[in-house]
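Shown next, in structure tokens, is the structure this report addresses.
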């Protein structure tokens, strides 16, 4: 089998599995944070502005780990340096 | 076996497994957030507007990780750059 | 073994496993949301309208992740672009 | 080994495993929802009509994910497009 | 090895594993529902009629997922379309 | 290796593994139901007749999933249609 | 390798693994039931007769799943129909 | 490799793994039952005779599943019918 | 490779893995029983004699499952009937 | 297969899997910290400044472990010393 | 490969894995017992002598399962009967 | 395949997997510590200085285990003694 | 491949994996014991001497299981009898 | 493949995996101890000196298991006796 195809296969499989596994943690973490935010709001309605602001900062931090995975996944599909070099040489 | 078929097989398998695994986390996270939202509403009915709004923003954040997986899955099936290049060259 | 059959086998296996794994998360998440909705109703019967409405929106969000898996599964069985191209070329 | 048999084997195995894995989540989710419904009824007997109605809608949503798996499983056994094409060509 | 035997082996293995894995979820889910029903009865004996009725409907829903698995398992053993076709052609 | 032996091996292995895995869920589910029944009896001794009756119906439902597995296991050992056909033809 | 030995090996391995895996569930389930029975007795000593009776019926139900596994295991060792047929033909 | 050795290897490995896996469940189940018995005694010292008696009956039931595994393990080492037949024929 | 060595390798590996896996359950079960015994003593110091006696009987029961594994492990190393027969014949 | 391609494949696969697995822990840890911060704010609104500051320091520490993974992942894709050496020598 | 080396490799690997896996259970079980002992002492300082004595007997019981693993591990390294026989014969 | 490439591949894969797996524990441990610190602050605002100081010392200890992994990962990529020796000899 | 290298490889891999797996249990067990000791001290400051003494004895017991693993790991690296014999004979 | 390279590969892989797996337990254990220490301080500020001292001793004990792994990892990379002997002989 030619090297070009193998790199393509590895890139395809890795791109998918990276975002798939990488989505589990952030989704669960965000679910927990949102759930607790709603509980906190119900307990202390007067603080809802502070709670919302802290929640959004926290969600952004958690989402960032999902973004890392998405970025790596996109790089592997659309800007793969190994593929470019091999495909350019092929 | 020809490279074209192997890339097709890898794309098919990865597309399916990406959305399958990627749906576990968001579904559980959203289930938790919705469940807690309902509890919060029952405790503090007067705040249901704020709770609902925060819930929807949170669900959108969580859903985004599922969307990433769906996007990668669709790219692999319908806009696969590796397949296009190999199929175009074949 | 001919490429056509291998793509068919990969499509069959992936279609099944996608919806099978993809059904675990939504089912558990919806079960949790429904369970909590019933608890909330029992605690605050006067809010049952708001609770029901929020529950249905939440269930729709969670179900969407199962729908993604079902859509990918159906595409792989009935509208598989790789199969069409290979079968058309065969 | 001939392609026809391999497709048959893949279809048999996938059909079984799809409904087997796909039954775990809905069964657990429904068990949780039913259990909580009974608790809610015991706490608030006057609301049993509302609780029952919400429970049935929720069970239908959860059951739908099991139905997806069953549908895919049946399609793979009795209306498999790949098998039909290969068997028709054989 | 002849294709007929391989299909037989795949059918035997899948039939067993389908009902084996498919029995875990319903059994646990029903156990939870029954356990909660007994707790609910002890808390609210006057509602035992309503609780029993809801319990049975819920058990029927949960049992349905086990039935799906049993049906697929029986089809694979006694009404396997792939086996019939191959055995008829053999 | 002759096909007859392979079918025998597959039947032996599947028969054992089916009842082994299939016994986990029911045993745990019944253990939970029985445990809760005893708690309920201790809380509400006057309802022990109703509790016992509901418990037995529930145990029968849960046991049914173990019975399915046992039935499939026995069919595979003593009434295996694939074995009969191959052994009859051998 | 001769078929007779392979069937013997499969029978030995399956017999052991069947009872080994099949003992996990019942042991845990019975442990839970016994533990709860003792708690119930400590809470309601006057009901110890009813509790003991219900406990024994429950333990018998749970033990039955372990018995199924033991029966299959014994059949595979001492009354294996496949072995008898192959050994008789050998 | 000669069949005799393979059967010996399978028997050795299965005998060990059977009792090893089969000891997990009973040990955990008995640990739970004993722990709860001690709690019950501390809560209701006057019932220690009844509790001890019920505990011992329960432990005997749970131990029985470990005994099954030990019996199968000993049969495989010292009274293995397959080994006897093959070794007798060898 | 000669059969004698293979039996030796299988015996070595099985002996180790048997006691390794077999030690997990008893150790956890005993830890739980001891922990609960200490709690019970702190709650009811006057019953420490009864608690200690019941604890030791319980620990003996739990330890017995570890002993089974140790016995099988020692048999496989020092009194292995298969090894004796093969080594005697070699 | 040429070494250059194998190093490319290993780099692609490792880069993806590193960030994917490495995102699980930080996301869950941050979710927990954010959730608890919101609870703490609702309990003690006057301390929200101190809580927020401590939260951000903690999130930075947790995020650092995700950053390590991202850094290694980027190094493997864009600054891989092994690839550079092999590609320079090729 | 010569049998002597294979037995050495199996002994090395098994010796390590035996004590590694065998240390998990006792360490967790002892950690639980010690933790509960400290809680019990804080609740009932006057009973610290009885608690300490019972704790040490319990720890000895739990440690014994780790000792079994260590003994088997040492036997495999320094007093391996299979190695002695093969090395003596080599 | 030449040894140099294999060492490169092993180094790449190990470097990634080391930091990926090694980031799970510290991230979860730090998340727990930070979460509890926030709870403690909300309960005892006057002690926030002591709590913060202890938290930072604890985080440093936990982070150290992640640092170990990062150090090993960097050594494997940039200061690999095996690679240097082989590459220098090649 | 020569036997000497294989024994070296097995020793290296086993030494690492032994201490790696063997460190999980003790670390978790000690973490639990220390955590509970701190709670006990906060509840009963007057008993801190007794608690500290019991904690250290307990930690020593738990640490001993990690020491066993470390000892086996060091023996395999620096005092491996199999390696010595083979290397001496080579 | 030459033995030297294989030993190098085994050392690289084991060094990484040892510290990676070995970091999970200590990190979680330390996280738990630190978290509980902060809770204890908030409950009993007057005892913070004793708590801090006990915490540091405990963290040192837990960290020691991570240190063992790090030491083994460093030995395998920089002071590997097997590598030295083979590289010296090569």
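Note that the chains take the letters A, B, C, D, E, F, G, H, I, J, K, L, M and N in the order they are written out, and that residue 1 is the start of every chain.
Note that in this section contacts are C-beta pairs under 8 Å (C-beta built on N, C-alpha and C of every residue); 3 or more make two chains touch, one makes a residue touch a chain.
Small disclaimer: the values here were computed from a predicted structure and weren't measured.
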Intercentroid distance (Cα basis), subunit N paired with subunit F, Å: 46
Centroid distance [mean C-alpha coordinates] between subunit M and subunit A, Å: 37
Sequence positions of subunit D contacting 2 or more other chains: 1, 11, 13, 15, 17, 19-21, 24-26, 28-33, 35-37, 39, 41, 43, 55, 59, 66, 69, 73
Arrangement of touching chains [line / ring / star / complete / other]: ring
Traversal of the chain ring from subunit E via subunit F: E, F, G, H, I, K, M, N, L, J, A, B, C, D
Complex contacts: residues of subunit H adjacent to subunit G: 1, 3, 6-7, 10-11, 13-15, 17-22, 24-26, 28-33, 35-37, 39-41, 43-44, 46-47, 50-51, 54-55, 57-59, 61-62, 64-66, 68-69, 72-73, 75-76, 80-82, 85-86
Partner subunit G, residues of subunit F touching it in the complex: 1-2, 4-5, 8-9, 11-13, 15-17, 19-21, 23-39, 41-43, 45, 48, 52, 55-56, 59, 63, 66, 69-70, 73, 77-78, 83, 87
